[in-house]
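What follows is subunit A paired twice: with subunit B in the first complex and subunit C in the second.
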Partner chain A sequence: MFQYTIRRLFLFIPVIAGVLLIVFVTVRLVPGDPAAILVGPEGTPEDRARITRVLGLDRPLPLQFGIYVWRALQGDFGRSIFLGSDVMKLVLTALPATLELAFLALMMTILIAVPLGIVAARNPNTLLDYGSTILALLGVSMPLFWFGVLAILLFSLQLGWLPSFGRGPGILPAFGTLFSSGSLAGVWLSLKHALLPALTLAFGSIALVARLVRSAMLEVLNLDYVRTARAKGLSERRVVNKHALRNALLPVVTIVGLQFGTLLGGAVITETIFAWPGLGRLVVNAISQRDFPVIQGSVIFIATMISIVNLLVDLSYAFINPKIRYA
Partner chain B sequence: MRRSSILQRLARHAGAIVGGIIILLVVVAALFAPLLAPYQPEERNIRNRFQPPSSENLLGTDNFGRDTLSRILYGAQVSLTVASLAVGLAATIGIFLGSLAGYLGGIADMIIMRLVDVFLAFPPILLALTLVAALGPSAFSVTVALGLVYWTAYARVIRSSILALKSEDFVEANRALGAAWPRTLFRHVLPNAFGPIIVVASVGMGSGVTAEAALSFLGLGVQPPTPSWGSILNTGLQFLRQTPYLSTFPGAAIMLTVLGFNLLGDGLRDVLDPRGTS
Partner chain C sequence: MRYLSLFLTLLLVLFGAVMAQDKVLNAGLDVDAGTMDPRLARDTSAARIQELVYNGLVSLDPELVPQPELAESWNFTSPTTLVVQLRPGVVFHNGQPFTAEDVVYTFTTLLEEDFGAPRRSLYTPITNVEALDELTVQFNLSQPYAPLLQYLDIGIVPNEAAAALGADFGDNPVGTGPFRLVNWEKGNRIELEAFDEYFKGRPNIDKINISVIPDNNVRLIALESGDLDLIHSPVPPQDLERLVQEDKFAVSQTTALGYTYLNLNLADPILSDVRVRKALAYLSDRNALSEVIFFGMDQPGKSFLLPNTFYYSDEVTEYSYDPERGKALLTEAGWVDNDGDGIREKDGQPLQLELTTNIDPNRQQVLEFLQGEWLDAGIDASVRVYEWPSYIGDVIAGDYQVGLIGWLLLTDPDRATFLQFHTEGGNNYGSYANNTVNELLEQGRAETDPNKRKEIYTEVAQIITDEVPYIFLLYQGYVVIHDKNLEGFVVHPAGSWKSLETATLN
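Let's turn to the complex of A and B:
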């Protein structure tokens, strides 16, 4: 296990270096002089020359990249062109909202997809099975922005049950208020705000994971040891929940872990639809304002976070399943 | 002989048939949009804004009084063109780098596969967004961006089939006979890897259609007034209170198209995968 961990860690470093390089090069592809964008149309040539010098844009590109990496390692991604504030600070301010959304979506995925997959697998080729298969197929094909818009149409505009934009006080801070003042109102309000965006974000993952649980479960239910368990006279519930489920969920754990990246990608669109003040909206706003330090910093931050989570998923899977370590 | 039997098996696959019919309908809609559309897609009629579906405007009208059905039909052109060019670009890059990795092995293989890892570290839509931001919003940028984002799957497929083939006798024999590598690649490796590549490409068309719509939805794709499913949907979201139809129909078009490609991809996988047939 130790050796495997070291090996995986060594693969991790070049990936992060590659992420930095790709984002750096991409932003340098932008036509036009960044200094010109920064001084604006009223800037004098002297202003431009000064900004160019201050930003180090007159140095050779490889050196600029080196400096960028050196600063990035210390958490310094420069300053936002529009807001003037530190990019890392903007990212960290937006992060909790996105994590809240991703975490809720992950919970929804597990709580809905796993039972759905089990029920489908236990009743193969029945109406129930076909129903959940069709649902899963539609879910995989449905663009999440359309799901989001339909959800707003139904639950906000038609029924008026849930708000269609904003975050409210936020779930974690609301729990803080709950403990200090005993008021449940904040928690309730936050949950109401989070429900539609989280469901929108989770929908595709639910479909994917349900399909996976179904096929993993079907495979396991046909194995000899399950037949033995049944032959022993165990109740079907016990066979499924105690014996089959544990083995069937093994591959599911990895996929659910890897969904984190998918969810962060989906957050870019979900947060835009629901005006959710997270990382995704930060990126989209930065793109529309051509605020390149913010784009650069937040994209690198997101990719690094996903790489770390994927690394942890890999390591935990190797921990659960010894076969992987020696492959 | 073998290819016709694949087609025959595909013709018996219910999902593949449904998927194929859906794709055919969308392709016909795109090709014959000028004939099928009742109005010009950019024709405005301010007095006829936010109309619900009626006999004059089967799917209603938008904020400029433009006919939604006509715009969706023309939107199919944008959607399919961008997605298929992006898939073509992704397949070209992926096949090139993947065969280099598989053939050369060693350090080249390691570098290319690390590059694959790097690209997989980004959520696809986020990387596409960043690339489009750098290139400037247009249909061309979206195509290039999606091609650069989705090449990794092709590289992996082609690399693994080359690794599997490298030790085969006929490839050895070819080399012994002095055949040049490109010739071996085109004559033997690619035809053998054709199955998995076509599966990846079919599902990739679905992802391409979704991603193009997503970027247009965010205002970074095809620029107005050219109709795109994503941008019609975005307008629909802005005017959700005035007309719920404007966001409903383009979304349905996207989902149906993606469903078609997914069904066809699943069918192809079932038919082509030797494990599935045994």
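Let's turn to the complex of A and C:
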């Protein structure tokens, strides 16, 4: 297992180098010149030429790539063209916000979708089952931005329960203050801010995973060994939770792992609606302004994160199903 | 018992919060300021916030007349020499006194090629700036340059601090302005605090928290739910009517310093015929655009001379909506529908025009509206809407037929015309060429008498109207909506929030 992990970690290098190369070339192939956007329509051809030179974008592409990789290896991912700040600093500031959102959404997905799927599978073709199917259908087909704005309208404007935008102090730092000063206010505020965006983000995943759990459970519940377990006189609760669920969970874990990537992607829209200061918004802004260094830096980070999650998913198989071993 | 102590603690915290209540203004913006270095500023958000953190030598009042700010007085000692007397006793946020050296440093670095200032070309007629003494500076110009004073509202940075911080100065601004930056989460939130030693006196508002909320609807909801006290354009036009009726908010509207127009590419064989261009102008119902799409927020446009400014003129003629006249002009130009398919043709070529713009719901609606009108007149008009970076690239390259764009921050008629209509102008995307216009624009730039300038630009406006390189559709509107607790906020056509230095919050 240790060896397998090490080998997988080494595989990260070509993956990330490949991602970098593709991003580097793509952003420069897509029409749109950062110098033209920086000086705006008011800029003159001289202005654009001058800015292009100052940014080093007049150099040959292989040289630009070489310089970028050389600096990146030393931890220098350059400066944002539009924000003027160090890219590393921007990414590291935005990252916790996005992780917080994706993590909460993932928690919601698991805590809501798995029980929902199990209940639906145990009562197939009943009102409960149909209810969860309708919910799932809504979740998959409703666009994120629409659901988000509706949620804000209801909970912030009509009911006034939750803030309409932004992030609180952040859940992790707020727990820090809770332990150091005993003040719950920060945690409460952070959760209030995070609830709507996390739910918006999770809605689609909840639907998908609930359907998946339902069908996996239905399949497993009809298998011989479950009948044996029931015949042995085990309680239904034990049959479902101990015998059936474990086996039904394997495909679910794969999807939940992949969902993490989807959640990071969905964060782009959610973060824009809720003015959540995360990586998704940073990337979207960077793309719409052709801020090359920021796009490159963020994509490398996202690619690394998704690679790590995929590895964790693969490793978790061994825990769920002892038959799987990595040698 | 445990709950009781928790309750007491909570009460104490709440009480403490009430005791120490600062006057905090929560404002919302659609985009973050790119940088807080005024020399590098390019977007309107940066301009908004920099006006609070810095002072310029002058500031433009709502009528766009330069008023003394860090400059006490100024005097053109020759057409190419401007001597500025500076205000004594001003300090920067870091405690350093403000002197002539800071002015020299600001403009010298701004003009350095490698510094990368996006708006450098507005200042290039300046040869150099020198300090005559501690509080007097002299601007030496290479040619008479009338608009110069309009552009001296750019914030002055402190020589030593800016030089020491280099590229990091934009993240750690130091100005002389009414508010200083306390915290800046990029792309998210800006926190400003009143500057005790501000030379006009400490502002009444203690803190300004500016949140960046990209979605126009969410920003509006945040205002309505009380999370924000002030927002400004862009505001969804269809919501405006409802908000005006709300008792809680003050809604102020004015014309902004910009217009939205159709840029006709004169290099295109169809559009090179002035009769076709005039026909398009007659076929565009600007009143309907203003009313139907913008609910009156943007007003019907006429020329580049903006209403509510000194240079506006009633004399310039306009194309009132007249489809019959437009169709007649097309026929006169040889475009006739011979095969009865509803589309006009000439020499076997159909009359096809592509209308393009960047992704923006209102701009798209404008083009779709025009498409319908033009189709009725026998023009096979199509609409293409794509993202800004690609679109602006195509416009710059002259790769378009009819482009819907806007010009902003036109604080001087020179800024609305010289680069756009001069044959050598850097923004003359549609290849417009007229020697009379060239000469007039050069005169207008050099003339210092405002009344003479007004005559010159009125003449240019009439020629542009007659030759139609642009179809001026709309004068952009500017809207501020704020809680009525904020008093003394003055709406400014440039979108300035400068009056927050004297406004009060109840």
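Keep this in mind: the second predicted complex is superposed on the first by the 261 of 327 C-alpha atoms of A that agree within 3 Å, B and C clash if a C-alpha of one lies under 4 Å from a C-alpha of the other, contacts with A are read in each partner's own complex, and residues count from 1 in each chain.
We adopt the following convention: contacts are C-beta pairs under 8 Å (C-beta built on N, C-alpha and C of every residue); 3 or more make two chains touch, one makes a residue touch a chain.
No experiment lies behind these values; they were computed from the predicted model shown.
S.K.: Mind working out whether A:316 is in touch with subunit B, subunit C, both or neither, as first, second, both or neither?
M.R.: Neither partner.
S.K.: Answer with first, second, both or neither: which of subunit B and subunit C does A:14 touch in the superposed model?
M.R.: first
S.K.: Go through the superposed model and pick first if A:307 touches only subunit B, second if only subunit C, both, or neither.
M.R.: Only subunit B is touched by A:307; subunit C is not.
S.K.: After superposition on the shared chain, which partner residues are touched by A:123: those of subunit B (first), subunit C (second), both, or neither?
M.R.: Neither partner.
S.K.: Answer with first, second, both or neither: which of subunit B and subunit C does A:84 touch in the superposed model?
M.R.: Touch status of A:84: second partner only.
S.K.: After the superposition on A, what does A:185 contact: first (subunit B), second (subunit C), both or neither?
M.R.: second
S.K.: Contacts for A:137 in the overlay, against subunit B (first) and subunit C (second): which applies, first, second, both or neither?
M.R.: After superposition on chain A, A:137 lies in contact with subunit B alone.
S.K.: Based on the superposed arrangement, let me know which partner A:153 touches: subunit B (first), subunit C (second), both, or neither?
M.R.: Both partners, subunit B and subunit C.
S.K.: Classify the contacts of A:26 with the two partner chains as first (subunit B alone), second (subunit C alone), both, or neither.
M.R.: In the superposition, A:26 contacts subunit B only.
S.K.: Check subunit A for residues that touch subunit B in one structure and subunit C in the other, and list them.
M.R.: 30-31, 149, 152-153, 157, 272-273, 288, 290
S.K.: Could you list, by residue number, the parts of subunit A that touch subunit C in their complex?
M.R.: 30-33, 36-48, 50-51, 54-55, 79, 82-85, 90, 93-94, 149, 152-153, 156-157, 160, 163-167, 182-183, 185, 272-275, 277, 281-282, 285, 288-290
S.K.: What residues on subunit A touch subunit B, complex-wise?
M.R.: 11, 14-16, 18-19, 22-23, 26-27, 29-31, 137-138, 140-143, 145-146, 149-150, 152-153, 157, 261-262, 264-266, 268-269, 272-273, 283-284, 287-288, 290, 295, 299, 302-304, 306-307, 310
S.K.: Looking at the complex, which residues from subunit C come into contact with subunit A?
M.R.: Residue positions touching the partner: 9, 13, 32, 34-35, 37, 40, 42, 113-116, 118-121, 167, 170-171, 185-189, 211-215, 217-219, 221-222, 224-227, 387-390, 392-396, 405, 407, 415, 419, 426-427.
S.K.: Under the touch definition given earlier, write down the residues of subunit B that touch subunit A in their complex.
M.R.: Where subunit B meets subunit A, its residues are 114-115, 117-119, 121-127, 129-131, 133-136, 206, 210, 213-214, 217-220, 230, 233, 236-237, 240-241, 244, 247-248, 251-252, 254-255, 258-259, 262-263.
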